[in-house]
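These are the structures, in structure tokens.
One chain, subunit A, appears in both complexes that follow, with subunit B as partner in the first and subunit C in the second.
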Partner chain A sequence: MTTSSAAPGGGSGSPIALSLFDRVSDYAEALETGTADIGKPLTDATPIVVFCQNFFAQLFQNVLNAPIRSIDARAKEQAATIRQQKSDDASAPLRRLLAVFEELCDEWQDVRGLSYVWYRHRALDEFHATLLPDLFEAITSWANAVDHQDLAQRSALAEAAYKKGLMALSARLAKA
Partner chain B sequence: MVPDAFKWARPAPVLYTVAEFDLLLASGASFLAHVLREGRILFDRHGAMRSAFAAQAQTPLDLEPELTFQLGRLHSFEDTSQFNGEFLFCLAHLYAIGKAIVMIVLEKRGRPEYNKDRAFRALARRYPQLRHDIQRVAELKPFYLQVARGREARFPFSHRHAGDKVPAVISAIRNIATAS
Partner chain C sequence: MNGDEQREMLRLVELEYARTTKFIEGSVGITTSVRGWAITVWAALIGVSFTQRLWALALLAAITILSFAVVDAYQSSLYAQALLRARTLERITAKHFDALARGKDNPRFIAEADAALASNKYGFYSNLQAFRWRDLFHLRYRIFLVAYGTLALVAVICALLVLVIPAPTIPTPSPTASSSAGP
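This part shows the complex of A and B:
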């Protein structure tokens, strides 16, 4: 068990802890080995849930200085307000990241299985096929723009691992 | 879908197909015990639900896989460096896992309790030697309420830089699980 460093990024200087991306690797491996079921809502401690919540918690706390306390309509409003205020060209990658967060807020209840069942499958499909790849791309793009190369590299690796896991899952489903 | 008169209770409607409900029946999960013990059948055109409930009442629960599953979820929270000093979501999840394990332990001891606060108190009475561990998990409830319900509550400590608390909570949850 490791302990937290007081320095953002666990001492790497990154506003987002690089070790958080290990949760994406965990989820990618679960997809690849078949221990994750993307047809079922994601539970509290599913690694990708831990990643999404804590990535944005750290982004809002350490980059935007506007902490969030959940992923919901209130947090979406907060993100939209910040996005509208960041209107300069240099903030374009951050605006894209915030737009993905707003979409995540819309889908979160369904992805987590907290709302009515008839939305679940569409939301889960969108989450896995569209939203997560968009999120990794947006993180990489933003990290490059703010010159956090370690973070950009870690995000790109996470995206590759995730896509590999998803492809393995698709291949397995196609065979079945 | 939920009548206004019941909205104060924050009900969470969950829909199961017959096939999904059969899977639940086969799982032997603690949620099934809750359904069988406190559930009321309101409409059952062909009597299938009544038959399934009656058959299931004779079948012992298999709670070990559920306990193992809950303990496995702790893995995602062991590396505290990943939280970068921001532990709100982590503490909320640890409460949820701890609560689930408390309820499983009570179910295994034949003393089921489905109310969160009463469950923690019941387990502390049954296992006084675990009182400190149980309290360590129970005190995280405000973090859970904030994240899961959006309910503002006074936190027992700041979730910022609370990394030193997490290993102790995880250890407490594992201790509670051994009581089963």
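This part shows the complex of A and C:
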């Protein structure tokens, strides 16, 4: 995984660089304008891939102090261990976020185009329609719980932009 | 859906999965056999066409290999559908697994597992689609088309070679030589 920055960003005390959410806006814009094709596997250069990789790298490093820098089976196992250790009520939003990460680890291979071509479309569809919106909701919920209002706000804005992009894409596909 | 209903539905999914994997095993065996026979028959026809100087046999090899290609494509179409079905069923059980493993922390996993189970169209054979000729040109069959196409092309070239190249003359003993050797 290539991380752009694992340092807290924006001078707001946020454990996640707020500028990272610009990648979501970039991807939402690409969906809206039609330059992104959700039927094709995502590459290292795809803004949403950059976002996912860096968001979780920063979360694990700055919040959980865990050396998880990849999205794979090993990372999933480590994340599941952390999630099971955090059993208190206050950690519920973080557990939800980790649960999404575990799902992302399962889907990552399909999303990156390493599975059978005829099966990949379903995985990519689920990634865009279900996993990503849930990821943004989980981030907002966790950021609110730990009182990082800037982060919660950026995440909510990114989610809105992403959903708008997705709707524009659906409308364009329906028209075609 | 209650726990008992969910368990029974999962049992049916497992049953269908077992049927599907059995079908895949059978399909793999058939396609392997078809390909083995295709190569054997093709090579035999080409060989005999050269030794017997019969160009029509080489042409027959081309027709035969194309027939085998159609049978192979049909079997491969069934195999691909079975594989897709197996992955769909695996996905249902995987979602159930996710619900058990992480559902407490993210209720979406439970909702998705229930939805996947409830929306499953049961029955392996009911989900099979009829073979279409355009399936032959689908990406996953291109390698077969290239392989079988090459064999058919080679067979046609062989037929032309047999037709065009004159048969080698075998020297026969001259009658004078045999008579002079006598008493």
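In this section, the second predicted complex is superposed on the first by the 167 of 176 C-alpha atoms of A that agree within 3 Å, B and C clash if a C-alpha of one lies under 4 Å from a C-alpha of the other, contacts with A are read in each partner's own complex, and residues count from 1 in each chain.
Operating definition for what follows: a residue touches a chain if its C-beta (ideal position, glycine included) is under 8 Å from a C-beta of that chain, and two chains touch if they have at least 3 such contacts.
Since the model is a prediction, treat every value here as computed from it, not as a measurement.
By the touch criterion defined above, A:R154 lies against neither subunit B nor subunit C after alignment on the C-alpha atoms of chain A.
Comparing subunit B with subunit C, the partner in contact with more residues of subunit A is B.
Applying the stated contact rule after C-alpha superposition, one finds that A:A99 touches subunit C and leaves subunit B untouched. Of the two partner chains, neither subunit B nor subunit C is touched by A:K76. In the superposed pair of complexes, A:H128 makes contact with neither subunit B nor subunit C. Within the superposed three-chain model, A:A45 lies in touch with subunit B and out of touch with subunit C [touch as defined at top].
Using the contact criterion defined above for the overlaid structures, shared-chain residue A:A138 touches subunit C, although it does not reach subunit B.
Overlaid on A, the two complexes show subunit B and subunit C touching the same residues of subunit A, namely 116-118. Every residue of subunit A that touches subunit B in the complex is listed here, in rising order: 1-6, 8-10, 15-17, 19-20, 22-23, 26, 43-47, 50, 53-54, 57-58, 61-62, 67, 69-70, 72, 74, 114, 116-118. Listed in rising order, the residues of subunit A touching subunit C in the complex are 80, 83, 92, 95-96, 98-100, 102-103, 106, 116-119, 122, 130, 134, 138. Taken in their complex, subunit C has these residues touching subunit A: 80, 83-84, 87, 91, 94, 98, 101-102, 105-106, 108-109, 112, 139-140. Listing the residues of subunit B that touch subunit A in their complex gives 1, 12-15, 73-86, 88-90, 93, 96-97, 146-148, 150, 161, 163-164, 167, 170.
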